[in-house]
């Protein structure tokens, strides 16, 4: 247990801080709110990261990475969050697909894909889930039929985030060598292949956060296979482990969110003009959320320290998602609760977006709170989605009970 | 006490349910919601049903709060647009002794209380009266966008008054708001020297009566929405397979369904018990109404999240109907006062100590959390 | 939906109220706190009830009952609770065993047992659960072997409340005609039979709330069988349905408990001398519990109205226990929370029992609060026990999902 | 930050665990608890382990709050009696500069802070000093029954002071209380003109340091108790059969176990993170300690009830060991301040507005709910 930083860590932090304070102001702020508009904003930043040697911090150097450990990476994340860096758009590429290719891919695959993830050239998406295969991933039906020099793939995928932006996808298909997880192969798919159709799928706020992807006799060469034919389940387990680490250390920076909430409460009054920070119920809620964020931070640090030490993902990683999802949900719901009925207004309600709790008739300047309502609303919604995606809460609890506690499967 | 619907009530509920099943379906709902205009539904509904809960001598069809609660439950059960009906049903008692206006209300003209829908109605902030008419702004008025007249709480020289204001005046400005739940509508309303007529009623007791009604009817709405979410979730669990079995055979899914079922049947028990208590003016009727609102709408949002989890990702999409009821149940939690606000009122009444002077009233409960 | 009382109901209420106000003062108050000391206090009261025509209100008149409906019975319960009548000691006899005998028993059994339940002569207990058969009642192992003129019964029962006070028991044993619930017979057992041993079993507060009962070759005549040999499961289901109605309408009078809590909060101050009723957190808790009690009361009334109408136990009955157990737990826990660490003191801690939150050194009169701490502590513990007994919460949820919602068993 | 035990810490934990497995078992525990006298254990434990957390130059074995938290966790894991150890560990920092008394503490003589164990220590109500010694009563003092001396907060003329009082004086009256959890003891203590010596320390900062320690060590105790409850519940679920299968194969039982596991591993993560934060005096260390106490002990009581449900009726009996840990986890929730009290402190610090004057301190947090 050590809060002190090694000299190399302290130096790295200083350098990062300096670089961020120099680089961030050069971006074309403000960051657009809609996902598709963010791409041209984000890409130059990712390129700058790559050129400065801050992309792929934990990736091997031969593929453009820096070969640093998770602690360094975590320092970079902390400083980025603190300085207000842009949202990371290519989490699938950086957090799951890239590490999977680095670990299981051929030399040619590594050469071809990894660097372009870091430079920001290629965004990736993940074609795993299907309409009939959600929690039960191994029941997937998308078929790959062997043809000369490669495979022809037909099927339907769903819940694919960023499919509309992605250059490539990691893809699971049934190659027929056996039942369930024994007959699955792991492919890399260029999203511009002939026969790939992306259809946006709106979530309940009416935004297309994810997509359906239809694969109609899509050709992939033999070189698109990762690992063994029919041996894709092992590679998939690798990807899911990378995903669990990413989730456990937090896709949402809960420290930043609670700081925003605290600032919000301090600056507001209730309908009768009393400071919100004096309301006993608000006080308890803020304190309780702050405490849960503290626990989440401790869990994340434990996961990072474990990963830096090269340990296999342990208890802390497995509980990360179960701890994290309800926390983010409650942070967002609380953020919305600070104004009357605030959680009930649509993303398009302009008055709520301005966040004064006031009337449409009042005159507003779009201030720093302009994104408040929309931010919390999206986050509240997204947290509920995250609890379902990548193995629902029910499945996560099964995994903890069966794999870690050794409780009987049947 | 007998907890049992009369034969008339059973017949009424059945007739209403039949009518609604013909008048509303998912496609029609989405049409109204996409266009932002549910007036077609509101008008046909009013034609047949707006007189329920209004005495026959006033041109209504008779029936009391139990019948109104049945109406609210069944409207919610199919997610029918109901802001105009609810607002009118709440406001009409203020129009006692004004038969022409009551008749218009029965005929489907929306009347709305000019009060923020995030508060208990009796905690409404009154406008200031004056020689030049009424002036002031009220945010988040239920059905404020379609109301033809408003019942307006006004701070008069001798205490609280209720006025009626014609919404068609130039001095009345209405700005519709956009809710996630599209089955109800809110608007911000500003009066700038609006002409008004004072209503000859006891403003405080009318607002208290409106509050009790609002509590029961919003709770009944949650009952209807929750019942449908339970039905949807159970149906889904019976047809969706994972790991080679129906997901409804997993104990976690069963227990999730059971928890919604407990909430639904507790709500059903309490909504009608409370409606009868309010209608027969039982000594604790105001507390019963407050408790029903606080408990049932809070539990309704939990049921909504449970139903969402039971559905997995599909329930989280725009195209699946679950979201309609999910949003409806969520709006009900804060509509006309949060559970916290109603609980604060209960505490005011229960914990009044011997030293306190006044009888507590349904006032001052505006906290949002 | 009708709050008005029929003329006969109103008259009954008036008579009951008058009788209670006349009779209760004649008892040897105070009611002793320990179960075994309560018997001589309770029995004369039960006899008085019987003589006045208030015992077995819903039982047929030919067995000493009054043949009234559940609404009348409920009026009597309300008035009894309001007047502070003694605890009912023979709930198993009155609520499950008696109704089962009245419904399924032979003429001889009815003649022999029913009246003595109402007069207070016989307390009953229930010998169903076994160490290896808790939730899974049908797996019970206690054996009944056919002998001349009757049966010899051997086995072990557990969780038997009031076995030490009971004259008779309802008993399930395996008569061997088939697997699981097909081979069970329902018997009536005199507890003074040779071969019956009762051993007290302490719950976690250290009181013997229930017992283990050992049956060693106990003889029962053929006339002790209720229903058919090997057909006891049907009778058992009847008993459990009577039990569910009793639980749904409330073994604990939650209306009385919340009134006590409200009075308690109104009369107390916190450590700094401020009225407890002004504490915003206490206020919300009281209001929330009051609201839940209101819902519980509505559920109970619905169950009673359904039962009076002769309807089969429906939804409201099935959810009763799931609603009721956590409510009683929270009422009791809240009652304990009103003094610092109050939930942490043993039943034998004299200072906590006095309930002033003060010092051992202070002088106390044992006032009306004397039983406060012990009352809430026992109730908190008992509520947790009730959630387990008679089908755990898990089993209750399964029943709701499978039998009412029709979800698949497997 | 590195979340990892040092080799020394790993070795320490292992040695302690070994020692405890020899010194404590269910039968011994029940013997001590039935007799109400755990001094035999306390003495042997003190002989080998009481120096941990006390600098070597003061006669201790060195180590910091991480080592003390490991001690607390492992004591709780076998339900070892720990009131004397915990009280002494908390009080010893007040004896800085008094080597003889520290040495006696290391030797196993109990020192206890004369403060109600239901409050955050820094919110202790000070006694009134005077020419005739200290007079006053303090209810519910941890290890008040076995303490040979007390560290006493006193309201001096120039502010808060700490005094040391010999418990052997005639003017000190001690009345033991009876807890459900018999692994700890409380007593009511009355001083009636007791002789005292003023300690040469900054009373406010020592009480704040004691508060942070108390928070971390009680949270660590809950970690240990919860881990054992999880182990017991999982073992039971693996051997108990119902309906022809192990109950551990039921999803409801699995999910219950998983929920305890989440609580345990979150607690483990936070206890040691926080111990290191306090030891290295991180800027938010006091908040970390408050959050760990509030979160972990509240979750611990939920885990206790979940473990009870997993056990069915057997866990509810006196003879099953679950009740020992159940009661231990429950006591920890209120011990040295309820989650509500600690959360109020967090809110004081976080929500201090620009207009407020003073730096918030760990004071005034005595609410019990």
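Think of it as A, B, C and D in the order they're written, each chain with its own count starting at 1.
Convention: contacts are C-beta pairs under 8 Å (C-beta built on N, C-alpha and C of every residue); 3 or more make two chains touch, one makes a residue touch a chain.
Computed from a predicted model, the values in this text were never measured in an experiment.
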Selected pair, greater C-beta contact count between B-C and C-D:
B-C
Just give me the whole-number Å value for how far the CA centre of chain B lies from that of chain D.
50
Using Cα averages as centroids, what's the distance between chain A and chain B in whole Å?
39
Enumerate the residues of chain A that touch no fewer than two other chains.
281, 284, 394, 397
Two or more other chains touching the same residue: where does that happen in chain B?
250-253, 255, 340
Answer with line, ring, star, complete or other to describe the graph linking chains that touch.
complete
Contact set on chain D toward chain A in their complex
1-6, 9, 66, 230, 234, 237-238, 245-246, 248-249, 251, 253-255, 257-259, 261-262, 265-270, 272-277, 279-280, 282, 287-288, 290-292, 294-296, 340, 342-347, 350-351, 353
Help me check something: in the complex, which residues belonging to chain D touch chain C?
116-119, 137, 139-140, 173, 175, 177-181, 186, 188, 190, 241-244, 250, 252-253, 305, 308-309, 312-313, 316-319, 323, 326-327, 330-331, 334-335, 340, 366-369
Chain B residues within the chain D interface of the complex
250-252, 255
Across the complex, what residues on chain A touch chain C?
280-281, 284
For a test of understanding, state which residues of chain C touch chain D in their complex under the given definition.
129, 132-136, 139, 158-159, 201-206, 270-272, 279, 281-282, 285, 337-341, 343-346, 348-349, 351-352, 357-361, 384-385, 387-389, 392-394, 397
